[in-house]
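Structure incoming, see below.
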Amino acid sequence: MNNGAIVAATFFWMVAWFANSWLVKLNPSNQVLARGINLLIPLIFGVTLIVIWEGITVGFNISPVLLPSPSMIWARIAASTDILWADFTQTFLKAVLAGYAMGCISGFAVAVAVDRVPFLRKGLLPIGNLVAALPIVGIAPIMVMWFGFDWQSKAAVVVVMTFFPMLVNTVAGLAASGAMERDLMQTYASGYWQTLLKLRLPAAMPFIFNALKINSTLALIGAIVAEFFGTPIVGMGFRISTEVGRMNIDMVWAEIFVAALAGSLSYGLIALLERAVTFWHPSYRS
Amino acid sequence: KDKLVLQLKWVTQAQFAGYYVAKDKGFYDAVDLDVEIKPGGPDIAPAQVIAGGGADVIIDWMPSALASREKGVPIVNIAQPFKRSGMMLTCLKESGIKSPEDFRGRTLGVWFFGNEYPFLSWMSQLGIPTDGSDNGVKVLKQGFNVDPLLQKQADCISTMTYNEYWQIIDAGIAAEDLITFQYEDQGVATLEDGIYVMEADLDDPKKVDMFQRFVKASMQGWNYAAENPAEAADIVLENDATGAQTEKHQKRMMGEINKLVAGSDGSLNVADYDRTVKSLLSGGSDPVISKEPEGAHTDKITKGM
Amino acid sequence: MAQSGGLNRWFVDRVLPVGTMVVAIVVIWYGFAVILNAPFERDQAARADTSLTTMQLVNKTLAQERPVLPAPHQVADEIWKTTALKKVTSKRSLIYHTWITMSSTLLGFAMGSMLGILLAVLIVHSAVLDKSLMPWVITSQTIPILAIAPMIIVVLNAVGISGLLPKAFISAYLSFFPVTVGMVKGLRSPDPRHLDLMRTYNASNQQTFWKLRWPSAVPFLFTSMKVAVAISLVGAIVGELPTGAVAGLGARLLTGSYYGQTIQIWSALIAAAVLAALLVMLVDIIARIVMSRMGMAR
Amino acid sequence: MSIVIDAEGLDLTFQTNDGPVHALSDIDLKVLTGEFVSLIGPSGCGKTTLLRVIADLEKPTGGSISVNGVSPEEARLSRAYGYVFQAAALYPWRTIGGNISLPLEVMGYPKAERAELISRNLDLVNLTGFEKKFPWQLSGGMQQRASIARALSFDPDMLLMDEPFGALDEIVRDHLNEQLLKLWAKTKKTVVFVTHSIPEAVFLSTRIVVMSPRPGRIHEIIDCELGHDRSLDIRETPEFLEIAHRVREGLRQGHSYDD
Amino acid sequence: MSIVIDAEGLDLTFQTNDGPVHALSDIDLKVLTGEFVSLIGPSGCGKTTLLRVIADLEKPTGGSISVNGVSPEEARLSRAYGYVFQAAALYPWRTIGGNISLPLEVMGYPKAERAELISRNLDLVNLTGFEKKFPWQLSGGMQQRASIARALSFDPDMLLMDEPFGALDEIVRDHLNEQLLKLWAKTKKTVVFVTHSIPEAVFLSTRIVVMSPRPGRIHEIIDCELGHDRSLDIRETPEFLEIAHRVREGLRQGHSYDD
């Protein structure tokens, strides 16, 4: 056991906690500064987690086969950028993006189609909610069987996973515009498409973005897990499942790091987009 | 009674009949052992489990065991019930593949998760690249079943003589329509199911004694299974908690497994070991292990039996 | 009269549309079963040097032992055989496996909800945690759980935790998220005037929590618990894979996959879907009872 | 002067879960061109429902009604009226200009004409310079003026207003009342106006329809001839107080204190 | 009669994203025991803010204020007042009885005493028999009465009311005004009352504080000695109209029409 590392990590934790408590209370009037602080606080928190992790793995001499230390993971990331990039290309740039786009667009299109027919809406929604709860581990092998080994089957899994959240949210969103607003369009003798375009879609945007955000994390997880069930020998999921068998756990965490980074960045990107598109929503007005 | 946890490499099936028989028939009880058998699965790495203290003894294939050892999990082979290798590549005849040279430009299904080493060293001995270059083979990470062949997503897939091969047959494809390449026949066989423990445990006389009793009782189980294959298959079925195994399949598997175990008294044949190591080291630019392993096997357990 | 009107409405609004949709799905399913299973039958016919009439082809595609896509009646038959015709304690009984999965689902769901509520309470009451924790809670959900599940299990094993708990942990890891998000919203939902009112009574933090924040968060809690219970089930199934896939619906899915038993996979999938529906319904019923006790069901 | 709205024996019953609600019962009402008619009455007496029937947002279950000599639906399709709701009901994702542009877009006005109409109507309600602002950046009174500009933008002959100033404070309300009256005098539009406020009704209207609830019906119609040129000060004149008193009495008779 | 509220040179500035908002500026106000003081003024003039400062829900940034001779915080801690909001602000998950019981629970009254107080106060606001109902099962006027009962339940000497009847229709409002006046005469509590309505202020108050915005300050304080025994009819008396006129004038002078 290495007590020094543990003590150092604990000390760092305490310092970081005080730093954050202080930063929170600062509350500056300067906008840029305030935004900076809002970024800094979770960053300090994250760094603290990593330092504690390092402290524990080093301090308690944890076998790297069980849990490698962050420094080892970082070294692995630095040494294997080419492999990580190739895997990222295969899994994210091909499977996730294609599946995400197809799933979201088709979910949206079906929602708009279904919205005109209440009977379809009532029938599809409960079933949609059910299918959305199906475990990917059940769907992935089937998709590999149907769509082959390459990224297409992963994209298909992503489509299945993202379709229903989008469908359900869009349908709810299309129903979200107020009765008064819809009456207003009636008084203009507005047609179906005009009402859809000018009222119901804008009003549905917060819901649609909700689905886009949920789907952004679902898509990545889905593609990675689907790769457990057959892939060409490249891809984040392939690497993770293979390197565990080879006892290269640091490589596994390197991929997990890339996945978490990509997932968080896409989520953040969509959140920014949401802010720009639904700027009018009360939750964004100061 | 001494408690001992055994981590298998794969799910409950006749491949591990010896251990289940030893447990059910009371052979372990007879040597004062209380053995808990943990089934494996697609993402269970026995070496990781033993490193984490989740098991005392594991069943693993030698290539992956040696690779793990190089990665810093000091596991040692204490016994080798499987004498022969059951691994092969199975192709559809209609693909036109007649010899390993015909693999070039084809798509082959391979198991990963540490099971790819025998394949990789075979290919490198043949001089066939596996990195997707033109005159090489295209490698797929094969799932857990034979669908890629049935769906014609691959020209050949990895199968075990005792398991997947028969699934292809069961799926309605006649043996004449298939062509198989056994690793054993190709001279690239590596040792499969062996018994491994942590190196440090071998310094503990109490543990050594336990392992001796374990290996002895297990081999007793294997012998019993060889003599009573039908009963052994029943015992396996009995122990399968998933309820997914069929009697027909397990009886047949038992027969094939017995062929692989035949001729082993449990001790590791050093010549087999050397052959395996040589095969793994000869991997050209990307060998499975980089240097001759040391202390990766011991007869400390089997010689006392 | 109101009673029968309600029943009638329930039929027209729920049963009829959903039923129609199910029928439509089954029809489409049959169509795909024929299309997807046909190539194999054609190959077989070609190997045997015979040719098939369309009728023969259709019949054969709907009765394969290892179909690419099993026909609905095959799945129904399998479900019937593995539920009604087997003792529930039998390892071949789907009910037995469903039960195994359900127990880790419920345990994981309970732990996940608890953790979710706890995090939400911390986030709502501490400005530091609010700002530092929330982004990481989101990041935690971008980690592919199935990837680290085996390692979690090994690590838990190393500290001597095994059995139901590791599976439940994975289930909890997935399900705490919607609860946290919902509860943070819920605990912050009281009208500022209600909070002021408590201040005019000079109420303590605890009193404000129990008399105001908590009750106003209850509707949010139930909404997110409905999402969480479905996710818990996914987590429990995922968690069964690296624990040796010994029993449970996940194990059925996986072993079905090893042995190419597509019919078994599909029946396990259907069982999972039905279980999910039942669990969501259960939470919904509890929600209704609690809410009407609280006078919030109108 | 011709008859713009002609309702006879109008009936409307809502079918709800707890049985039928008799929202309108035997309503007879004629409104002439250029009139300013207020509907006043306690909550739930059917004011909104009556206005919605005129606007073809609700179908009566009995009786007959014509608007501009045709059915309400035909009148709606020919864009005969502008409707102003209690809350401004502006779309938060459109600027003030964009909101006023909305009916014009729906009705297919060309872009140049839209721009012209927007600025003219903004001017009419004293909001010049706020075209690029979003609704939530304006005060309640300004929002309500914008929503009136929106209803006026396509120059309908009739305005239907459902408690347009209900959410505003008294001073702002007085101010808007004055402006509305001027607008009405200038444009000569027919106005049907729903309100809760007695002074507001008396100040604005040429006729006041006092309604009473359960079932919603017309209790009394009070003429209110205070001339077209009223200032806020007339509210302290005896004529004004007289009419206000009559309205209050009418309301009280129709009211039941069961709450 | 002693001084209950004593504010001198009170200032309050909110720091917001778009710079400071001067909500209260140089407020001097004394309220004596048993008085009924109304705060009236256009939206945003600081009425609510002033009431919140008295209730210690907001800290002034300048000047001094005492309540019952001590600081507002000490007064709040000693539960010196009951506060009534615009909308009833009842908890939907508690029955009417449960809502009235809320402050009593927080203040640690024993159960028996709570039951006793609940029924007494329900009686006071004419809601006997509705104890077990949930708020949404009552009309708006009844809800507001329940919220008054809640504020009265622990028998504070002072009532702070922020537009308690703002959301109700005129008839119901008149009715509640009458009841409130009776209650006040009976209990002799000190009341500070925020309103938008001139007739309401004149009808209820002994003194009317007219405020004006930007920055929020006191424009004028108008005495209103119409005696304790008023009925709704006095609203048509010349004295009443006179005071109403003065209030309106005061409001208009202080008002700026920039919205």
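Here the chain labels run A, B, C, D and E in written order, and each chain numbers its own residues starting at 1.
The criterion applied here is as follows: a contact is a pair of C-beta atoms (placed from the backbone, for glycine too) under 8 Å apart; a residue touches a chain by one contact, two chains touch by 3 or more.
Small disclaimer: the values here were computed from a predicted structure and weren't measured.
K.L.:
Using C-alpha centroids, which chain lies at the maximum separation from subunit D?
P.N.:
Centre of mass proxy via C-alpha means gives B as farthest from subunit D.
K.L.:
Per the definition of touch at the top, where is the C-beta contact count highest among chain pairs?
P.N.:
Counting C-beta pairs in contact for each chain pair, the top pair is A-C.
K.L.:
Compute the distance, rounded to whole Å, between the mean C-alpha positions of subunit C and subunit E.
P.N.:
52
K.L.:
Mind checking the centre-to-centre distance between subunit B and subunit D? Centres are C-alpha means, answer in whole Å.
P.N.:
Each chain's C-alpha centroid was found; their separation is 85 Å.
K.L.:
Compute the distance, rounded to whole Å, between the mean C-alpha positions of subunit A and subunit C.
P.N.:
For subunit A versus subunit C, the centre distance works out to 19 Å.
K.L.:
Using CA atom averages as chain centres, what separation in Å is found between subunit A and subunit B?
P.N.:
Each chain's C-alpha centroid was found; their separation is 38 Å.
K.L.:
Going by the contact rule already set, what residues in subunit C reach two or more other chains?
P.N.:
68, 146, 150-151, 154-155, 158, 241, 254, 257
K.L.:
Touching at least two other chains at once: which residues of subunit D meet that condition?
P.N.:
In subunit D, no residue touches two or more other chains.
K.L.:
Which residues of subunit B are in contact with two or more other chains?
P.N.:
42-43, 45, 48, 52, 143-145, 147, 151
K.L.:
Would you mind writing out the residues of subunit E in touch with subunit C in their complex?
P.N.:
Subunit E residues touching subunit C: 52, 55-57, 76-77, 79, 81-83, 85, 87, 89, 91-95, 102-103, 105-107, 134, 136.
K.L.:
Of all residues in subunit A, which touch subunit C in the complex?
P.N.:
17, 20-21, 24-25, 38, 41-42, 44-46, 49, 66-67, 119-124, 126-127, 129-139, 141-142, 145-146, 217, 220-221, 224-225, 228-229, 236-237, 240-241, 244, 249, 252, 255-256, 259-260, 262-264, 267
K.L.:
Residue numbers of subunit B touching subunit C in their complex, please.
P.N.:
11-12, 38-45, 48-49, 52-54, 143-147, 150-151, 167, 170-172, 174, 177, 240-246, 249
K.L.:
If you look only at subunit D, which of its residues touch subunit E in the complex?
P.N.:
On the subunit D side, the touching residues are 42-43, 138-142, 168-172, 175, 196-198, 236, 241, 245, 251-252, 255, 257, 259.
K.L.:
Where on subunit C does subunit A make contact in their complex?
P.N.:
13-14, 16-22, 25, 36, 68-69, 127-128, 131-136, 138-139, 141-148, 150-151, 154-155, 158, 230-231, 233-234, 237-238, 241, 250, 253-254, 257, 262, 265, 268-269, 272-273, 276-277, 280
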